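Listed after this line are the structures, all set down as C-alpha cells.
The same chain A turns up in both complexes below, where it pairs with chain B and then with chain C.
Let's look at the complex of A and B:
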C-alpha cells in the first residue's frame, strides 16, 4: 500500500544563544494507513519537534527543511499556511500530553467540538452536534449529550484526554499524531486511553504516529518503531524485530536499564547508560552516542555512520555488525 | 522476631480544609484515613498508588512537615510532634521528585550540600564541613569540578545527585524518597536507582520509596504498601505482592503495567468508572465503584485490613478476604 506520510532527510534547526541547535538531523520514515509508528527516545532527542515539523507548528524561529515531506501525495514543504491550516485538524490531527493546551478553558466542550468540524465542513450545527455526541460516547464519556454544555475543567485528566481524542476525530482524519498522550496519566487510566486509541485506530483505519519515551507503550502499540537519539533515528524496524534483537547499543541500553520483572533481579544494579546526551549546538561528526557507548571505537568518529540491515526492514546506524537475537548481548 | 520500627505511623488521619470557591462552604478532604505503617532498620518500604491516593501526604507526615489530625507518627517510639524539628531532620531526610524545584537556584552545589551542616552546627570547623561536603559529592558520583556550579548548569540526573547528597550529609538513618526518578529519563533513572541501592547498602539506610512506577518499586523495595484514596488497601513483602496480588486494585495496577513485550496488546483491567472525588468518597469500600468484583456489602461497609492468607501481609477487601479463608 502507498504510504500516507513520507518523510526524507528532515532537519529542524533552532537558533540558540551559542549557535544553531540541530534538533532533528536528517531523519526519514514512511507511514501507511492503518499502521502505528512509534517514535521513541528520551527528552531532547527531537521526537516532539519532528511531530511539530510535520504539522507545520514549529516555533516561528525554527527552520525546517526536508528532501521529501508528503502527506497523501501533497508536498507539505511548499504548502502555503492557508492550505496547511485547511489540512490540519481535518485530514491530519494531533493530540498532546496536556489536554488543556488544546482545549479552550472558557468555551463549552460542545461548542469546541462542533467548531472543530464546522471549520472544515459545511454541515449544520445540529448535524455537528450529533456527531459530537456520537464521538463522545465512542471515546467513553457517559451521558455525552448532557456533558456538551460543560467546561473542560469539569472533566478529569483521563476524560480530557478522551475529549481531545474526540475532537481530533471530528473530521475523520487520515493521520493522527499523538505526542506523549498518556504521560501525565495514572497507569490504570493510561491503559484505558491506549486501548481506546488502538480500537479507534483499527475502526477508522487511521495512520497513527505515536511519540513516547516509554518502551512499554511502544512494545504494546507499535507496528513499526523508530528509536531516536540526539536528533537522529538510530534504529528502526518492525516492533517485534527491534524488541527481539535490538542492534544499536543505545536501543540495547534503553531496554536493559528499565527494571523488568523476570529479567532484572530486585535490588541488583541496573545496566545504566553512563553519561549524558551531547549538546547538539554547532556541527557534529560521527555517531552522537559514542561518548556514552561501551563499545565505541575510533571509527565511530567518522562520517557518515553506516546504516546496516539486521534483517528485512530492520536497520540501524552503527559501525558494529548485526548481533543475533537476545538482549543480553555482551558489551 | 522483627526489630522495633525506626519509623511508625499509628492509625494516622490527615485532613485538609479545602476552599471550594466564593460563598461555598469549606470542605474537609481526608488525604490520609487511618494508615498504619512501620519501617524497620535497613528496610526499604515501597508505597504505591495513583495520584490523589495520599502517598505524598504520608511522606510529609513521615518527615514531620505536616501534623496528623489524629493518630501518631513515631520515630523510634517517640512521637514526632514532641521532638525538636532539627532532631527529626537529623534522622529523616527527603529526596523529592522535582530536582528543578527542590534546589535553590542561587546557591552553588557546595553551599546546597553544606547548608544542613551549618544549620545543625554539625561540622567541627569550616575545614571539616568542606571535607564532608567533598566526601558526600564523591559518594553520590558528582565530579568535584561541579561543586561551584549552580543547579541551572546541571542536568536533571546531576541535580538529583545533589538532592541526595544534601539528604545524606547529616548521615540520617531514614531517607524518604517521593517519586525520586519520575522526572528523569529512563537511562538516568537507572543511574539514580543504582546510586540509591549502593548508598542504602553502604550506609545501612532505611528507605521509604514512594512511586507510581510499580516496576521501579518492585526493584528497590522489600515491602510494599498499596494506597487507594487515603487508605492502605494491601501490604506485603514485595515478592509476595508482585507474585500474587490479593486486592482487586493491586491486581488492576499490576495488570496496567506495560512491560516492553511486543504483541501482548494493552491489558484491560476492567476498571469501570474513573477515580472518585476525594471530597466525596464513596461509602463502604472506596474502591467499589471501579471494582470488577464488587458485591452489595462492598457499598455498605468498609473492609478492615486482615491477613492475606499467604505468609505475612494484610489486605482490606471483603471479596479477597473471603477467597483467602475459602482456600485450604
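Let's look at the complex of A and C:
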C-alpha cells in the first residue's frame, strides 16, 4: 500500500542563545493508512517538534527542511500557509498533551466542535451540530446534545481529551497525530483513552502517529516503532521485531529500565541509563549516544554512523553488528 | 458561527462569567464604586428631568446665590447660582453628562487604538512588535498637556477636537497591557489547537484570543476613563477643553476661581463631584482587577 505520509531527512533547527539547536536531525519514516507508528523517546529528543513540523505548527523562529515531506501525494515542504491551513483539521488532525489547556475556556465546546467542521466543509449549522453530537456519543460522552452548550471547565480531564479527539475527527481526517495524548491523565483514564483511540482508528482506517515516552503504550498500540534519541531515529522497525530483538544500545537500555515482575527483585535499584542527553547546540559528529553507551568505541565518533539492517524492515544506526534475538542483558 | 447552537442555550451550564459575577457582589469596593458610578450616570442621563432650571439661563439679579445650607439661600436655587446667575445644581447635573460622555468616548476610542496595536504587536512579535513598541515609547515621551495645547491651538477648541486629541494620546496603557496579555495567550495550547483545526490568523485573534483578554480590557478601560475625565477637567480648566457656556466641571472650577476667597463653594462642589466620580471609577476598576485575577491582589 502506498504510504500516506512520507518523511525523509527532516531537520528542525532553532536559533538559541549561543548557536543553533539542531532539535531534529535528519529523521525519516513512512506511515500507511490504518497503521500506527509510535515515535518514542525521552523528553527533549525532538519528538514533539517532529509532530509540529509535520503540521507546520512550529514556532516562528524554528526552521524546517526535509528531502521529502509528503502527505497523500502533496508536497508539504513548499505548501503556502493558506493551503496548509486547509489541510490541517480537515485531512490531517492533531491532539495535544494537555487537554486542560487545549480548549478555549471562553467558547462553548459545541461551538468549538462545529467550528472545526464548518471551517472546512460547507455544511449547515444543524448538520454540523448533529455530527458533533454523534461524535461526542462515539467518544463516550453521555448526554452529548446537552453538553454541547457547556464550557470546557465543566468537563474532567479525561472528558476533555475525548472532546479533543472528537474535534480532531469532525472532518474525518486520514492522519491523526497524537502528541503524548495520555501523559496528563490518570492511569485508568489513560487506558480508556488508548482503547478509544485504537477503536476509532480501526473504524475510520486512520493513520495514527502516536508520540509517547511510555514503552508500555508503544507495546499496546504500535504497528511500527521509531526510537528517537537526540533528534535522530536510532532504531525503527515493526514493533514486534524491535521489542523482540532491540539492536541499538539505547533501545536495549530503555527496555532494560522497565521493571519486570519476577525478574526485578523488590528493593534493588531500578536500571537506568547513566548520563544525560547531550546538548544539540552547534554541530555534532558521530553517534550522539556514545557518551552514555557502555559499548562505545573510537569508531563511534566518525560520521556518518552506519545504518544497519537487523531483519527485513528493522534497521538501526550503530557501529555494532546485529545481535541475535532475545533481550540484551546489561553488560 | 457562534449562533449555530442557539437552540441549546437553554440547557447550558453557568457561563464562566457567573463566578466573576458572584465574586463581584462580595467585593465591597467594587460594589460601592459601581453604586456611585451608577448614581452619577443616572443623574447625568436624567439631567433634563432633574434640573430645576435651564443650565444656560442667566439671571443677573440673582448672581452668586449661596447654597441651601448658608445664609441668604433661595429655595429656587438649592445649590445656589454662579457669577452669571445660572442655577448651579442644573449646571452640575449637565456637567456630569460632559464628564461621563467624554470619559466614555475617550476610553472607547483610545481602547480601539491601543488594543489593535497591542494585540498586533503581541501576536506577531518580531519586527512588527519592535515598530509598535517604538511608537508606544514615542507616545510616552510626549507631554500630554503640551500636545493637547498645540493641537487645540491648531484645530480650534471643540468637544470633537478634545475627544480626538485625548483618544490619540491616552491609548498607551491599553497597548502595553494588551501586548503582554496577547503574548501570554498566544503560547497557550488552545491557540495551537485552534491552528491545528485550520483556523486562520484573523479568526484566532478575534475568536480565540480577544475573548480571553476581556477581563484585562475592562480593567484598563475603567482606569483609562478616570484618567480621561481628569484630563478633560484639567484641559477645560486651562481653557483648552470644553468651551463656555457648556457646563463642564473643570470649566466651572476655572470660572469659580475668581471667587475662591469669599464664595469657595463654587469651586468646592464641582471639585468634590470630580473627586467622587474618579474615585468611584478607580475603586470599581481595582475591584474588577481583584475579581478578574485574584492572584494579583496586593
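A few points about this structure:
The working rule: the second predicted complex is superposed on the first by the 326 of 331 C-alpha atoms of A that agree within 3 Å, B and C clash if a C-alpha of one lies under 4 Å from a C-alpha of the other, contacts with A are read in each partner's own complex, and residues count from 1 in each chain.
Heads up, the rule we're going with is that contacts are C-beta pairs under 8 Å (C-beta built on N, C-alpha and C of every residue); 3 or more make two chains touch, one makes a residue touch a chain.
Here the structure is a predicted model, which is why all the values come from computation and not from measurement.
Of the two partner chains placed by superposition, A:178 touches none, neither chain B nor chain C.
By the touch criterion defined above, A:115 reaches chain C but does not reach chain B. In the superposition on chain A, A:195 makes contact with chain B only, while chain C stays out of contact range.
In the superposition on chain A, A:214 contacts chain B only, with no contact to chain C.
Once chain A of one complex is fitted onto chain A of the other, the partner contacts of A:255 are limited to chain B, with no touch recorded for chain C.
Once the two complexes are overlaid on the shared chain, A:88 sits against chain C while remaining clear of chain B. Interface residues of chain C facing chain A in the complex, by the touch rule stated above, are 1-5, 8-9, 11-13, 15-16, 125-126, 188-190, 192-200, 207-208, 211-212, 214.
Chain A meets chain C in the complex at residues 55, 57, 60, 85-90, 93-94, 96-98, 101-108, 110-111, 114-116, 118-120, 125, 128-129, 145-146, 148-151, 153-154, 164, 167-168, 170. Of all residues in chain A, only 42-43, 156, 158-159, 186-192, 194-195, 198, 213-222, 239-240, 243-244, 253-255, 257-261, 264, 266-267, 269-274, 276 touch chain B in the complex they form. Chain B meets chain A in the complex at residues 50-51, 155, 157-158, 185-191, 193-194, 197-198, 212, 214-216, 218-220, 238-239, 242, 252-253, 255-269, 271, 274-275.
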